[in-house]
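In the two complexes that follow, subunit A is the common piece, with subunit B as its partner first and subunit C second.
Here is the complex of A and B:
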C-alpha cells in the first residue's frame, strides 16, 4: 500500500476551484447542523408545549460569563487566523490564548453543571434540565474535540509551517471554521434557554 | 413487436399487496394534535416541525447550490 497524498487537499482543483479538505469540513459541519437541528427541534417542542417551564431554575451568571469568554475567543482565534500567513510567533501566541479561553469555557461549564447537580436539578427532574444537559453536553463534547485539534495544531504547527505552509494554513482554516460554527450554536443555546 | 400482457400465477402476491395498500381504511390522527389545534402541545409540535424542516430544507438547498456551482465552474473551465 503506497502512501499517496490526497489530491487537491491544500490547493484548489483547477476546474472546480474546490479543495477536498474544505469539502470534507463542510460535510462534517452539515452533519453537525442536522444533529443540533434535531436537538433544537426537541427544545422547541418541549418549551412551547410545556405549561411549566422554569427557566429561572437554571444558573444564569456562569453562562453569561461564559458567553463573554466565547465572544473573546472568537476575536482571538480570528486574529490568530490572520497571523498564520504573516508571523508564526504571533500566530502561536494568539492560538495558545484561544486554546486557553476554550479550556476556560469548558471549566466554567463544568462548574455550572456541578452547581446544578449539587442542588438536585438533575436531567431526570424536569424536561428543561434534561434537554439543557443534553444540548450543552453535546456542545461541550464537540468543543473538547475542537480544542484537542487546536492543541495538536499548536504542537505540530511550527514544523509543518516550515515544511508545508499551505497544509498548515488549511488545518488552521478548518479549526477556525469549526470553532465559529460551535460559537453560533453556543449563542443559539443561550437564546433558546435564557431569552 | 408488442408483447401481450397475460396474468400469471406469480403476479398474485404483488397484485394482492397493491390491493391491500389501496384498500380504504379508517385514518386516525395522532392524539397530540387531534381535536385540539390550539393546545400548547400542538403549537410546540408545529414549531418543532417547522424548525427541523426549515433547517433540513436550507441544508439541502445549500448542497444543491454547491453541486450546481461546481458543475458550472467545471463546465466553464473544461479543457
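Here is the complex of A and C:
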C-alpha cells in the first residue's frame, strides 16, 4: 500500500460528482433503511395477523415529548452544520446543545421503558410491546452510536478544523445526515404505533 | 533517510487490502475444511447408520456421540453448522472478501480500497463471527441444530448454540455491510480516470453487484435475528403462534406470531445469497476464459446487463422457497413467474461464456480446467432448479434430497470449482510462482469426479421422495429403500474429494510466498 492520500475522500470526483465519504455514508444509510424495513415489515405482518392490537396500552405522553425534543434537535444540529463553516465557537456551542438533546432523547426513552416495564407491559405479554421494544431499542442503539460520533467530533473537532477543515466539515456532514435519517425513522415509529 | 521502523503490531493490524484479502482467503479455506469435515461425519452416519465413527468417534462426548455413534440431535447440529459454515464463513468470504479485495483495486487501476480501515474491520468482525460459530461446539447442548435456515419454532426451542449462531449472523451482517460499502465506493470512485463503466472487467461488475446484494439483503436477516433472539431470551412470540405445546408443556410467551414471518425475512436474504455466492465465481470464470482465449468476453454488454437484471430480480424471488406454506395461488403465481424470469439472464451469461470459447485455442492449464468444469456443473445446478421454481413440482420435491442436489451443484461443483480455478489462475500474483500443474490436475479430476459422485445420486433419491433431514438416511421408510444403497457410494465419493484436496494443500504449501523473495505485488508497485 502506498502512502499517497486516497483520492476523492473529501472533494468530489469530477465525473461522478461524488465524494468517497458521502457515498459511503449514503450506502450505510441504505443498509440501515433495509434493517428498519425488515422491522417495519414485521410490525405490519404482526399487526395484520392480530385480532387484538392494543396501541392505547402504550405510553403516549413521553414519546410525544420525545418527538418535540427530536424535532428541536434537528433545528439545533442544522444550525450547527451551518456554523461549522463560519464560526468554530458557535459550532461547538450548538453541537454541544444537539448532543445534550440527543442524550435527553435517550433519557426519556429509558424513562418510558421503565414505566412500561413497571406496569407489566413486558415484551413477552403482547407482540405489540415486543415489536415496540425492538424497534425503539434498535433505534436507540443507532442513536447512541451517532451520539458517540457527535461527542468524538466535539472532542477532536477543534484541532481537526485547524489542520484539515474540509475533512472536519465532511465528518460533521456525515453525523448530521445520519442524525436526520434517525429522526425520520423516529417519526416513522410514531406513525406506525400511534397514528 | 532511514526508513521508519513499523510500530509493534502494525503488520498484524495492517490495512493493506492485499494482505487482508490473503487473510480472508486462508481463513475461509480453513472454514471450508471445517465445514467439509462436518459433512464427512454426516456422510459416515448416512452410509452406515448406527456404526461407530472410526478413529475419532471416541473423541466425542457421550452427549453428542455415545460410543462414537452420532445422536440424531448431533446429526442435526452437524447439518446446521455445515451449511452455515460453508456458506457464511467459507464461500462468501472467499469469493467477495479474498478475491474481491485482492483483485478489484488492481483491475480498476487503484492503489487501494476506498476505506482501508473498513477492509480490516470487515475481516476482524468476520473472524469474530467465525469463532463464535465454532464456540457453539463447546457450549452445553452443542451448536445450533435447527438447520442453516433456523426455522422457528424449532430454532426458538434450540440450545444455547442457537443464540451464538444468531449473534454470529448479526456480526456477519455487519462485516458484510462494511465490506460492501468499501467495494462499491472503491469501484465507483477509485476507477482510473477514463475507465468507463463498459470498460470494466466483468469480474469487477460481478463484485460490484455482489456488494450491492450484500448491502441490501443482509439487514432484513439481521432484523429477524434480533427478533429471534428476543423470542429466545425475552420470551416474545414474533415467530410463535398461540397454543404451541412442547413436551406436554405450553410454550411461553403470548403467542400471536408466525413462523412464516421468519421465513420471509430469512429468504429475503438467503435467495440473493445464492447470487452472492455465484457472481464472484462467474467473474472468476470470465477472467480465466478471457485470458485463456486471449479475447474479450463474447457479448460483454449482454453479460453485464444480465448480471444487473439478475441482481435486481434476486430480490423478488424469495418466496419460491415457501410454496408449501400455503401462500395462496396469486402469491405463488407471482413468485413462480419471477423465478422463471430470473433463469433467463443466467442462461444468457452461460451461453456467452460458451460462445467465448468458440473457435478459440484453449490452453489446458489447471485454471482453465476448473473454469471449463464450472460451466456444465453450473448448468446442471441451474436446470435442476426449474422444477423447484414451479409450485407443482416443488410440492413433490420440497425438502427432499433433490433440493440438496440442486443447490450443491450450484455451490460445490459450481462455485467452489470456479474459486479453485481462481486460486490457480492468480496464485502467481500472490507467491511469485505458479502452482504445480500436475498436482492441480489431480486436484481437479478428484474434486470434480468426487463431487459428482456425491451429488448426482441425490436427484434420484429426491425424486423417490427421500427427505433431506433423515438421520438414518430413510432406513425406516419404504419409499427410501430403492435408493438407500447410494449412500455408501456417495460417502466413498466424499472421501475421494477429501483425498483430492491433499495435493491442493501440498501445492499451496510448497509454492507459498517465500520470506526471501519480495512479495510480487510490491515489486510491481515499485517498478
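What we mean here is this: the second predicted complex is superposed on the first by the 190 of 195 C-alpha atoms of A that agree within 3 Å, B and C clash if a C-alpha of one lies under 4 Å from a C-alpha of the other, contacts with A are read in each partner's own complex, and residues count from 1 in each chain.
Please note the rule applied: contacts are C-beta pairs under 8 Å (C-beta built on N, C-alpha and C of every residue); 3 or more make two chains touch, one makes a residue touch a chain.
For clarity, every value in this text was computed on a predicted model and none was experimentally measured.
Asks: By the touch definition at the top of the document, which applies to A:32: first (subunit B), second (subunit C), both, or neither?
Replies: Touch status of A:32: second partner only.
Asks: Applying the document's definition of touching, compare subunit B and subunit C: which contacts more of subunit A?
Replies: In the superposed model, C touches more residues of subunit A.
Asks: If we overlay the two complexes on their shared chain A, which of subunit B and subunit C does A:8 touch? Say first, second, both or neither.
Replies: A:8 contacts subunit C only, not subunit B.
Asks: Considering only touches as defined above, state whether A:56 meets subunit B (first), subunit C (second), both or neither.
Replies: Touch partners of A:56: none, neither subunit B nor subunit C.
Asks: Just checking: does A:127 make contact with subunit B only, subunit C only, both, or neither of them? Give me first, second, both or neither.
Replies: After superposing on A, A:127 lies in contact with subunit C but is clear of subunit B.
Asks: With both complexes superposed on chain A, which partner does A:44 reach: first (subunit B), second (subunit C), both or neither?
Replies: Once the two structures are laid over each other on A, A:44 reaches subunit B alone.
Asks: Just to be sure I read the superposition right, which of the two partners does A:16 touch: subunit B = first, subunit C = second, or both, or neither?
Replies: In the superposition, A:16 contacts both subunit B and subunit C.
Asks: From the superposed pair, tell me which subunit A residues show up as contacts to subunit B and also as contacts to subunit C.
Replies: On subunit A, the residues that contact subunit B in one structure and subunit C in the other are 15-16, 18, 30, 34, 37-38, 41-42, 45-46, 49-50.
Asks: Which part of subunit C faces subunit A closely enough to touch in the complex?
Replies: 15-18, 111-112, 114-116, 177, 180-182, 184-185, 188-190, 193, 215-224, 226-227, 230, 234-238, 252-254, 256-258, 261, 264-265, 268, 525
Asks: Under the touch definition given earlier, write down the residues of subunit B that touch subunit A in their complex.
Replies: Residues of subunit B touching subunit A: 40-45, 47-49, 51-52, 55-56, 59, 62-63, 66, 70, 73-74, 77-78.
Asks: Which of the residues in subunit A come into contact with subunit C in the complex?
Replies: Going through subunit A, the ones touching subunit C are 1-2, 4, 6-9, 13, 15-16, 18, 20, 23-24, 27-28, 30-32, 34-39, 41-42, 45-46, 49-50, 122-127, 130-131, 133-134, 138.
Asks: Spell out the part of subunit A that touches subunit B in their complex, as residue ranges.
Replies: It comes out as residues 14-18, 26, 30, 33-34, 37-38, 40-42, 44-51.
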